[in-house]
Amino acid sequence: MSWKNGAFLALDKVSLNFGGLLAVSDFDFILRQGELVGLIGPNGAGKTTVFNIITGQYEPVRGRVFFKGQDITGWRPDRVTCAGIARTFQNMRLFGGLTVLDNVLVSRHSKLKSSVLAAAFNFPGYIKEEREAKIKAMGLLDRLGLADLAHMRAGNLPYGQQRRVEIARALAADPKVLLLDEPAAGMNPEETIRLMEFISGVRNEFGLTIFLIEHDMKLVMGICERIHVIDYGISIAEGTPKEIQDDPKVISAYLGEEACDYS
Amino acid sequence: MNASVFFQQLINGMSLGSLYALLAIGYTMVYGILRFINFAHSDIFMVGAYFAFFSIVIFRIPWPIAAILSIGLTALVGMAIDRVAYRPVRDAPRISALITAVGVSSFLENLGLVTVGARPKAFESPSFMSKLFHIGDAAITGVAIWVPVITLGFLIVMMYIVYKTKVGMAMRAVSTDIDATRLMGVDVDKVISYTFALGSALAAVGGILWACKYPKISPLMGVYPGWKAFTAAVVGGIGSIPGAMIGGFIIGLIEVMTVAISPGLSGYRDGVIFLVLVIFLLLRPTGILGETLKEKV
Amino acid sequence: MSDKSRKTFLMIIFLCVLFILVWVSDKFLDEYTMRVIRTGLIYIIAAISYNLINGIAGQFSLGPNGFMALGGYMVALLMLPLEQKKFVWFLKPLIWPFNSFSFTKAFFPLAIFFGGMAGALGALVVGFPTLRLRGDYLAIATFGFSQIIIVLANNLISVTNGALGIKGVPEYANIYWCLAWAIITVLFTTNLANSSYGRAMKSIRDDEIAAESMGISIFKHKLLAFVVSGFFAGVSGGLMTSLITTISPSLFSFTMTFNLLIIIVLGGLGSITGSVITAFAFAILSELLRFVESPINLGPIYIPGIAGMRMLVFSFLLVVLMIFYRRGIFGEKELSWDWVLSRFGSKNHQGVKVCPGKTEHF
């Protein structure tokens, strides 16, 4: 597979079906280190399912997933995350009963070296680790404008802020690759623009590789270097924002959706 | 063990298994729709037996009418439990629903203890149940034959309802995708209510037949059968109605054969079923006919 | 004084006051009242252990009575004097090694610790096959497991003496040991729940899929919660056995689990403070409610006792709580020194420094 050389994250002819429904079919994809790539497609096209396959939520029936040259197909999600791929969820999944800070700290847990007994008996080594984790988490919250909310219950926050907590939580896992599933959904245009700036900002700051699903065309076209289009689980186009905008297949896929909306 | 003893035990196992199957269907149907274990189901089984006891032994109502009456009343009890206790916690965290179910189960058991007392009551089964059959060398009681036959009759009726009627179709739709079914304008609460009615009716049939087979009934009579029936549902593949039937027969046969092959193990007959459950959970958690459900992320 | 040392100071004072209180009551209260208090302390241990798995890790277990039974039998086997052992196991001899030694009084805490280990081992054995699965299988498997413990207790005569049970266990579970173990349980569990491990458990409770996606090993942490819970359940079972000096299969029946369920739901799933208060109240209340089950003789009027009435009331209470008052008395809240300090005295008290300033909102 010479074409996959140089790929940071690669999907090789991945397929998955739910009963009779082919959600993703022979999906090929590569992400090079440092890239910011968008994944777009009509509702139900299989975008989220692609994410779920990468992170190990679902195991593909065919095809393989490679990360840094290693075959990670079938790894459990926690192992994938520890290997360096973190994500956010389209329909947010914060830990509603925990504070915002604790939500972010959960992502630091897998880095903890102290044992349970060290933690339960408050050994100095553990206290030090915990303090460092808190500093790191607070730094991230601050970066996302959430520091004032650190001690609020995450479940009580408004929608837009919950989205940002999701991003902070994913970043706290120290990922190499960040998967963002519709991060701007439910945000107003002004918030969306701030989010765009933020995404480009953290990418440079943390040297991240980002793969992003988004409905907001302005956001996708504005910040992505490359865009991948999926429809009915099949990859239908790939290229720069300009190329995608002019691609007749993409236009018809989206027109098809609009036609459905009016019917 | 010679052939005729084996045959006798086979019939006994089928007979016991068919009772587990009747009970397992109620667990599997509710689980299929609500993804929750209705712990009170085993007590519905007990309630069914007591309804029959009161109508036959106390009120002297003729057998067939008493049986139908008890089944109907038990179905109503099942619906009422869903309406009063389970519906309010439908959208609560799953653990709340489970705790509620444990509470309802304990409530019914202790209501039984308080109202009818802990002492077992003698049940009068109809005369055709106690006739002895001779097949070759084997002598088989009428109960052992009639229980699976009657069960089969009810299972056919139930299958007809689930697979051939509109209500049954709605039940299956709700168990596949509750939200989508609601969007299509189906009154989901009503469908769930019918599911409880059907499951409870079958539990009542099971309870009455159980009382015929072991004619001493007590408020705690449902605990062990209920637990084994749930194991049967898991073995067959939870959510699958044919699976529950197959599982019921398997559990019944295993239980009877364990004791038949090694009488020394009779104290452990309940333990063996637990072992079966653990083995299935380890090796095939989806059971024989169940399919893996992928939780939507 | 720094915040931390202030809290330590308060803690020491609190423990001293508690100790003096206990010492005074031990001197002046009658034997019966002290028994109720000791029972209350044991219930606290059991309830906290159960709350760890149900309320903090969010996994519905129905097996604490089984783990308590394991601890109880372990302590009975270790503490029963040798001559008493010969006397109890007259049907079948007791198995090795228990037939060849007994702990002396000085080793009682060690026996309780071994009781805890028995509970923890039981939890490991049950948890291993069942905790890998998503869903509610745990409830049914733990229920089955606790039934099996009772089946085994009835049948393994050379270990448990069957249905006759074991009589004559020395009553070493005095108020001080009960209190000491209760304090250990409260402190250990609170610290664990507030630690990074506890956070991981709570994240699993709130959203298993998200927790796994944040790098939390679901299985490992569920098993951890389960084993720690099994340990303290074993401890409480051991203390209870020593308190009532006998153990038989019926002592740790499902009713025990049910009572604990009421306690943790009423106190608030996930709240250790809630469990402490309701467990203690429950011990007192169930003594007070004993009258509903015993016959009442008011001269000419005689009301026979109604078996099951207590449980009927409790079951009804549980269902009503779940429907109308799901969060219990304390919700998930805890009474902590932070709270006490912020309420009475020291101003501007905060657990973690929030750094305002360069907050850019987008």
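Letters A, B and C mark the chains as written, and numbering starts fresh at 1 in each.
One rule holds for everything that comes next: a residue touches a chain if its C-beta (ideal position, glycine included) is under 8 Å from a C-beta of that chain, and two chains touch if they have at least 3 such contacts.
Quick caveat: nothing in here was measured; it's all calculated off a predicted structure.
Ranked by how far their CA centres sit from the centre of chain A, the chains are topped by B.
Once CA atoms are averaged chain by chain and compared with the all-protein CA average, the nearest chain turns out to be C.
Centre-to-centre separation of chain A and chain B, using mean CA positions: 46 Å.
In terms of their C-alpha centroids, the spacing between chain A and chain C amounts to 41 Å.
Separating the centre of chain B from that of chain C, both taken as means of CA atoms, is a distance of 33 Å.
In chain B, 297 are the positions where the chain touches two or more neighbouring chains simultaneously. The multi-chain contact residues of chain C, meaning those touching 2 or more other chains, are 209.
Chain contacts: chain A has residues 57, 89 touching two or more partner chains. Considering their complex, residues 55, 57, 76-78, 81-82, 86-87, 89, 93-98, 101-103, 105-110, 112, 114, 116, 119-122, 126, 129-130, 133-134, 138, 142, 144-145, 147-148, 150-151, 164, 169-170, 173, 191, 193-195, 197-198 of chain A touch chain C.
Here chain B touches chain C in the complex through residues 35-37, 85, 88-89, 92-96, 98-100, 102-104, 106-107, 109-114, 117-118, 219, 224, 227, 230-231, 234, 267-268, 270-271, 273-274, 277-278, 281-282, 285, 295, 297, going by the rule given at the top.
By the touch criterion stated above, chain C contacts chain A in their complex at residues 188, 191-192, 195-197, 199-200, 202-203, 205-207, 209-218, 224, 228, 270, 332, 351-356, 358-362.
Of all the residues in chain C, the ones that touch chain B in their complex are 54, 58, 60, 62, 129-130, 133-137, 139-141, 143-145, 147-148, 151-152, 154-155, 209, 258, 261, 265, 269, 306-309, 311-312, 314-316, 318-319, 322-323, 326.
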